[in-house]
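Here chain A shows up in two complexes: once beside chain B, once beside chain C.
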Partner chain A sequence: MSVPERIKPVLLPLAALLAFEAWMRLAGVQSDSLAPPSAVALALAGALSDGSLLTATRDTLASAFAGLALGGAIGLVLGIALGLSQIFNRLMEVTIEAVRPIPSVALLPIALIALGFGYRMEIAIVGFACVWPVLIMTRAAVGGIEPRLIEVARVLRLTQLDRVRKIVIPAALPRIFLAFRLAAGIALIVAVTVEIAINPLGLGAGIMTAQQALRPDLMLAYLVWIGVTGFMLNTALMTAQTTLFGRAAVIGDGA
Partner chain B sequence: MRWSVIGWRLASFVVAAGLIALWQVAADQRLVSPVFLPGPDRAWASLMRGFTSGDLLAKLMGTLTHMAYGWLLASIGGVALGAMIGSSKAMRSYVAPTLELLRPLPVSAIIPVAIAALGLSQGMALFVIAFGSVWPMLLGTIHGFAAVEPRLYEVARVLHMSRLAVILKIALPSAAPDILAGMRLSLTVALILAVVCEMLAGLDGLGQWVLLSARAFRSADLFAGVMLLGLIGYVTALAMGAAESRLLRWQAARR
Partner chain C sequence: MRHLLMGAAVGAMLTFALTSTAAQAEKIQIGCTATSDCASAMVAVDEGLFKKHGLDAEMVLIGINSNIPAAILSNSIQIGGPTSTVFLQAADGGLDLVAVSGASIMNKTSNDAIAAFVRNGVTIASPQDFKGKKVGAPGIGAFLQVLFVKWLVEKGVDPKSVNFVEVTFPTMADTIKSGGVDAVLTAEPFVMRMTDANLGTVGARYAAELARSEPIIFYAASREWAAKNPETVKKFRAAIAEAAAIVNNDREKASAAIAKFTKQPLDLVKLTTPNYSEPVLKPEQLAWWIDVMSAQKMLQSKLDLKTLILN
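After this line comes the complex of A and B, so read on.
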């Protein structure tokens, strides 16, 4: 009962890992899908020291971020345009509703025959997936700008470009950043998924290769590493958001 | 007011039709090779042919079945586990941090592990889809339980309600918005994972259909499959939205 509050969260994973290790060792389990945590740690250290894991991480992150940049830029431009112009927004409604629900992985075969294996195909799919969260949230952010700011812009006779640059983007920036943060998470997920499904590149391909080579220790090491990568990305972006926009921006997550 | 809504909707449909016409022109003029981009006429013909003489309907049902079983399993498991963890303060402080740590893990990374353990089988697909879509519901339920108005718990104590009664009569209804939001998110995840599993394991479904069509360079069949997948995404999201607003009607009235 006197367990300090800070230790509580660590106990469960630690106990699970120890129990798992003990069970694998004592029962002498031979398996193609499981490996004791100590072997996984060794495999992880091995893959880290020979550089293969870092190369794979670089490939995955490069594709994810390139896709995020591409899709995010398209989503941002469209979102601002749709948020500023009610007419444009209403006219595009059906088109957007029709294209958005297509699951990103469904485009995999199309990208495959059009672009072949490699970075370009992965970037295209990640880009498609990243357009939507950025578009939807930017549109809402721009649409929700205090109308008086727009009036000020009109009184000052700012050009359309200046209006976007000096009023709209700064006013909507916290929520646009939030949109990009969520899209970054999606980008990593989609990149890994594409690699696992088809693309011989990066972390996803690495974990598939380890599975096919019947190296459960290496496979689980990749799994742990992918988890760590996702966690680090998430934490880094959260920290960036808090330092840039203060706590209010993070609390607004639910919106 | 109503008429202007309908008018805008019609105009929006006209814009979508115009874009499809543009696609038709682009395909007819062979701006893009027909190997990659069939015209909408060919895609539509292929869709109709697939339903009347081909096995497209069977593939559609296959994908829907995978998605539905995995999602239902995840819904039941997620809400039950979430209720167990969320209703106990001790469980929350021991277990919830581990779950938060696992959340940013790209769930598709579990696919190789599932393949190693269960083989390229229906069971593997079911496990992957359920595992992937359980997270939003699990965390939504825990969050919803944690946010229940404390005075309701006090009332329950005064009435000497059992723990099960408290969960069923107080906690679940007031956590319903969070749970339903999680279920909506999970639907998208379930569809994506169903498609990926079908591609990897060659299970009967639209994922396998689009991949095989791409390998055979039958782009019209490929586009027909992608359109169907978009339709699944659209219809399931629509149905979930309708169910959500119906189930939460009592809450809207209370506010």
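After this line comes the complex of A and C, so read on.
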């Protein structure tokens, strides 16, 4: 009984794929944007075996992670500082709220002239997008630390640095990690968007090249692969979160 | 997790450092869109002509032509293939670009390949019938659209009465089929593919009616780079001149080079004649474009023809 149970959730998508395949073939649809699932699967296998898909994945993930590291680090430092100091928080509020709503991809034309094609531009744009979720969630996490913990730090006469290192970060860590997990999702989205719009490298550029080469099968294969990559990234981060923080991770999620 | 992030950051920085050192070597990157207009550069790479003239050239596929000027100025590419309209608008906007060599020009073959393709259910008997229609162009201000507007004006139709929207080449067939637009401004092989799929008919061969011979795309660089690298420009021109002859006379070699760069299936590339390659570029050839674009209010400043092309 257990095997059919496991298969059940796959049945609907599978049937939809088969129906789509049948429709594409029977109706003889000729399209530059759609391709039957079998052709997509073949194109995916082809792009995997010639290495082009893996190179593109490496380029996209390298930019996404580097941007996440850069933006996350800035967001983390600022978030902790803002969470600890009410004065600093109020001083920066207008600036942050003015800069934060700028869509990261709107910076593309400036970034292209200033930084040119390549990793540098993509990392900068991804970094910009990743600062905000980390900053805001870290600020909230630090601001929401149990006041008694801060009191303990004061009683122990810890220095400011030790207070951050020994009390603030450990107490806020599960929620900070959650912020990084969300930012990682954003990083991947922004990286692919930058590549679709301008940057001639990575998975996004792969989609555009395939589209312009009139290869909808390959284009959709890239799309499927981006979905798989995103899914695997999220699963890995979820696993890391539960392994690292156990029940605290769940609490962080609920907050 | 932090180690992971650090690892990724270090990895990315290393890759970046490696790529930037590679760029410092005597190497030029040539950026073009996936059209046959830059076929001379594609052939020069494919047939080893750049190498023969002592250039280590690499081609970069650029999605949207209007990104080329910015890519040149950021030194991501040293030479690019903007369309005449993109180049002149960039120069008009103050970007210091200079044309270094011709790429493609309009001739009978390329003009015949251009069409306003009309969907089923819409009849275009005369240019007047485009009034009130929704027309998809690969870009507003793009080569095909500027040419179409020029044609409308010559035929006494107010271009403002036509509703232009942007439709990229690969999505044209589907947009026409779904009725999203009444017509698209396109070229081969799309005209043939849409005709074969019974999606509609050719409403006007407007480029053939205009019958012009001005450049479509030419190779451009930043003035600063061109001034600093006169030897490289000279070698580039020599290789392009040799390659242009191959593009115009050897369909097999040209198709192979185009298919390799654009990644389009070779069979599809072979169906269409590549646009005519003309390595020589003269100031008067740009004069017509400047007139047309000024009439369409696309240019604000007075461009100096003499400075736009490198001697």
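Points to keep in mind about this one:
One rule holds in what follows: the second predicted complex is superposed on the first by the 240 of 255 C-alpha atoms of A that agree within 3 Å, B and C clash if a C-alpha of one lies under 4 Å from a C-alpha of the other, contacts with A are read in each partner's own complex, and residues count from 1 in each chain.
The rule is simple: a contact is a pair of C-beta atoms (placed from the backbone, for glycine too) under 8 Å apart; a residue touches a chain by one contact, two chains touch by 3 or more.
All figures in this text were calculated on a predicted structure; none of them were measured in a lab.
In the superposition on chain A, A:32 makes contact with both chain B and chain C.
Once chain A of one complex is fitted onto chain A of the other, the partner contacts of A:123 are limited to chain C, with no touch recorded for chain B. Shared-chain residue A:72: touches chain C; no touch with chain B. Annotation for chain A, partner touching more residues between chain B and chain C: B. Contact with chain B, but none with chain C, is seen for A:102 once the two complexes are overlaid on the shared chain.
Judged by the touch definition given at the top, the superposed model places A:210 against both chain B and chain C.
According to the touch criterion, the shared surface of chain A, contacted by chain B in one complex and chain C in the other, consists of residues 32-34, 109, 112-114, 196-198, 208, 210-211, 214, 216.
Taken in their complex, chain A has these residues touching chain B: 5, 8-9, 11-13, 32-34, 90-95, 97-99, 101-110, 112-114, 185, 188-189, 192-193, 196-198, 203-204, 207-208, 210-211, 214, 216, 219-220, 222-223, 226-227, 230-231, 233-234.
Listing the residues of chain B that touch chain A in their complex gives 8-9, 11-13, 15-16, 19, 35-36, 93-98, 101-102, 104-113, 115-117, 188, 191-192, 195-196, 199-200, 206-207, 210-211, 213-215, 217, 219, 222-223, 225-226, 229-234, 237.
Per the touch definition, chain A reaches chain C in the complex via residues 30-34, 61-63, 65-66, 68-70, 72, 109, 112-120, 123, 177, 180, 196-198, 200, 205, 208-216, 240, 244.
Within the complex formed with chain A, the residues of chain C that make contact are 1, 5-6, 8-9, 11-13, 15-16, 19, 33-34, 60-64, 67, 70-71, 73-77, 168-174, 177, 193, 197, 262-265, 268.
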